[in-house]
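One chain, chain A, links the two complexes that follow: it is found with chain B in the first and with chain C in the second.
And then the complex of A and B:
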């Protein structure tokens, strides 16, 4: 896409790469290609592409994972998937996670990043809050803790009778919180889980956005301040457009991570939560494959997860493109 | 339109005891073009940023039109600033860059359109209004930055080295355009530069700063003809004034073989605390080359820089046993050769400074 854009801008017809300047295939060049292109390509094919192909193949069989034989069932597994209420529920839950977690995380991370970098006093130089470097370090802590540990810690915090959350809430006078099972009630299980996932991601993306904001010429913020822009306006009209690429990348990473969410779910709601209200695709896949012994069927779920993830990434790119994210005239 | 007053304004950066700007007193008249000039780190940019509200005023006050603005946020001060790197908003078109401040003040659309178009016409930017900054040349960006300030119709323009990112030719051209524009708009302007040529050519008055202290405020002419101290004398003018500290006699200074007669009062003033020394300065163009027997200071020529109309002659002369560098300006068509010995004689009375304090002595 970028090459076609550059040719139209210069007005010259596209020239096929390599033509006219083909060099002779000496041993040097051939061995260079073999080592630096051939070897990585082989590794990529063997370890990345072939499992994909294999997975797609298994998804078309009824393999149980341990037998030597399997029967080819065609699209049968996929037909079954869309009649499987449990899977459809897990698909729904995954999509909810994929929509809510990145959005909430990015909004929070951006807001915090702005507060830390440009949210300080309205007079004097544009700066962050006092002691902002401390907040930055502290907010990064959750990211340094492994996801499974976070899941376990929060499962304890949410514990109905021994958990610190209910202890705090009851001491503050919320008597209804006494023995309330945050993760055991289908009304709150998903929200409580989403909160934990967001909590674990925000610090990292905040630091990422801070780095992006620090990359902007500080004179631009000073200029905006002289122009009369409030801090909120500066964040919205300057910071967001100027670190747009970071936001898009963050959105895709977060989307992929939250469409998976396996570790958090396995730690907090190992059985899919109350009435499967937090069951996600990766979890359904795991249960189907290793508990129920239906590898072929589980693999078709994996294929669906991959499809959903790719659709998500494509959507992010399209939305960003439609809303003017790609600055065509400036890209050379 | 407004006056600007620095009333003993100081800025002390946190973690430092020495003020970056030390009790600056400065009165800028309505419609005046004042240039703050000085070497790097002299506090000129800090002074400007204090006026903009981008630096705190730690002591003293800053007044715009008689009103104390020291504690007001920048947007309440009604000023517009042109930054060294222009600080254009990269994701906005030229039009939006200029319109941003007006949009924030909820100016009606038609009014925004009118003002931006006017400013664009003034600065020859009409055909670039739909472009983004990165599709513009340095000079065009500089004009957009000017335009962004103009559409605001502020009380005071602040300019922080706006020409330092332009090439030499464009700088000279833009210099005169800015001066002309300011004369036309009549807006009070404070302009910061480290370039003494810009200061002399653009300002109605020039303020020289050094180490956070104001050295002198005066018209370019007076600044050049009557520098208040040795620092200003050496800073203003290019090539720099020849400044030498020499022995003070009863009747005046003795510059090698050249006697510089001084009045009795001047000798008395120069002698105060100066340990029998006096500082003498003369500009390169205030020197005549004379014949060997005419009582001039003999100098060996090291280098001749020919500039077409003029030539600068660099050389060494013996002063009380020490070799000292001198530079003089001569007619470009009659230059001495390298290695020649020439004889210098100041045409007019040299500038005299107290050797201890560096203060100017008249008479």
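And then the complex of A and C:
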């Protein structure tokens, strides 16, 4: 046991947090720490932490993924990235997704959540809209559907000839919709994709925000009502400030997800769409690594993706801070 | 203003003195708008799924004919084709195996790790915790290329076992993060009592602490199940022979462009979606309860 115990030597001075009584090192305790902390930690270090660390090193080399040797090229890959028109286009598309998707999703989810929670009775306690549980059940459906399948479903809906969207539009009299390729025309490909991603996220965040709003002290709503505040006013001036931490969390999760969006693209426009109009960084990275075999260059794209993600998260924190976030007053 | 009672579909007893500036009338309008909005959104969610379901009974000729018509008769051929010929059947079973093993392992390891981090003080505790948090926020895409070669070096590339290990590793941070908060709230005197009664650390955990954490475990397990079941990127890179359900679906779709068996494609979508959706509808209260637990925490 001595070898495995050494992996958790940090665990030796352990004692229960509450009461500070130091215990003897029995076999029970040593094996307990070795297994409980050691095993998960080793798996985490080998398969999560080490790839991240290695990625940063590989991004500075010209490794092709198969040869034993690689040359250290320093910042060369990053210089190349900024001269690579395809990559810059994918960067631009990813940033568009990262800006539009979280914003639209949160506005929609918040609006629906407010409608559910502060609708309902005009008097008495704010108890929310009646018979609204069915809407919540239904809105949550997309969360139970794999993203790749969501992409497949919508690729069929958008299909120029056998898709239901064009069939409905033409039967309503929009003749221009006949055989219109929503995903195959560079004017609509991105917007159509964004719609699908938003569609898949709104229900989940709606439920999350409903939970947040339910956590607000009902007396606050009561006093707002007594002061004659309208519902829209209540939503905007009370609800939004009080659940802004939930909104911030949602913004960051959505940002990370939409800066990636690999799955949706893989299902709807695997080759980057018309004139690469929906090519995103993750796709460019995937193609560069596993089709072109430029592993070093591809990891430098991964580093850029991580940097963009971190900048995004930092911006969300800064904007929330500047506009007066972290206000916990009124929470139950 | 006397008709306020009518405008209150909630049926709450009208408490006196709260009716200011025509709130009652506005309430009715608001309710109507609210229901219209929610119905519109619900239709937007349900209709695409319904269309897929109906289309899954159509022959390919019917699919190519008109998207709006109903199938002539209820034939299940598409389902047989999808399950047997397209690789969706074996992939479904593979997915069950991989997700099943990963889920059990990650729940056990995650519970053990978060328990130690939440209940014991030792040097490096905070560091490990924050390292896990960092693992939660970094994009998987940064790790994907090195991960490919790590698995290759271990001889785990293109094996289900390799996929299980990776799933466990990447689901671990979320599991630990969520359960950490949960174990932290469990009472300390129960632990003390178990120790006094002579139970070792192992027995205390498995017979006393773990059963108490059951509600938290259920929530995390649900999230992990959905996350792993929907996983696409990791298998695409680490098990490129399309053996997991999400991959088989993507593969099937790209083939369908040539083989043109759209009826079977719709059937495959239903096969993929229906089991999870049915389980969700049965357990929807608990599932949304988990989201709430995560939000309020």
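Here is the rule we use: the second predicted complex is superposed on the first by the 268 of 332 C-alpha atoms of A that agree within 3 Å, B and C clash if a C-alpha of one lies under 4 Å from a C-alpha of the other, contacts with A are read in each partner's own complex, and residues count from 1 in each chain.
Here is the rule we go by: a residue touches a chain if its C-beta (ideal position, glycine included) is under 8 Å from a C-beta of that chain, and two chains touch if they have at least 3 such contacts.
What you see is a predicted model; the values in this text were computed from it and never measured.
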item: Touching partner for A:322 - first (chain B), second (chain C), both, neither; value: neither
item: Which superposed partner A:266 touches (first chain B, second chain C, both, neither); value: second
item: Touched partner set for A:171, first chain B, second chain C, both or neither; value: second
item: Which superposed partner A:25 touches (first chain B, second chain C, both, neither); value: neither
item: Touching partner for A:223 - first (chain B), second (chain C), both, neither; value: first
item: First (chain B), second (chain C), both or neither touched by A:55; value: second
item: Larger contact residue set on chain A - chain B or chain C; value: C
item: Contacts of A:140 with chain B and chain C, given as first, second, both or neither; value: second
item: Contacts of A:68 with chain B and chain C, given as first, second, both or neither; value: neither
item: Contacts on chain A seen with chain B and repeated with chain C across the two complexes; value: 122-125, 225-226, 228
item: Complex contact set, residues of chain A against chain B; value: 122-126, 217, 219-220, 222-229, 233, 237-238, 241-242, 327, 329-330
item: Touching residues on chain A, where the partner in the complex is chain C; value: 10-19, 26, 28-29, 31-33, 35-37, 39-41, 43-44, 46-52, 54-55, 58, 65, 108, 111-112, 115-116, 119-125, 127, 129-130, 132, 134-149, 152-157, 161-164, 166-168, 171, 199, 202-204, 207-208, 211-212, 214-215, 225-226, 228, 230-231, 246, 256, 259-260, 262-263, 266-267, 270, 281-282, 285-286, 289-290, 295, 298-299, 302-303, 305-306, 309, 313
item: Footprint of chain A on chain B - complex, ascending; value: 49, 52-56, 71-75, 79-81, 83-91, 100-101, 104-105, 131-132, 134-135, 148, 152
item: Parts of chain C lying in touch with chain A, wherever the complex brings them together; value: 4, 7-10, 12-15, 18-21, 23-24, 26-27, 30-31, 33-35, 37-39, 41-42, 44-46, 48-49, 51-52, 55, 63-64, 66-68, 109-110, 112-113, 115-117, 119-124, 128, 131-132, 135, 137-150, 165-166, 168-170, 172-173, 176, 188, 191-192, 200-202, 205, 226, 229-230, 232-233, 236-237, 245-246, 249-250, 253-254, 262, 265-266, 269, 272-273, 276-277, 280-281, 284, 287-288, 291-292, 294-296
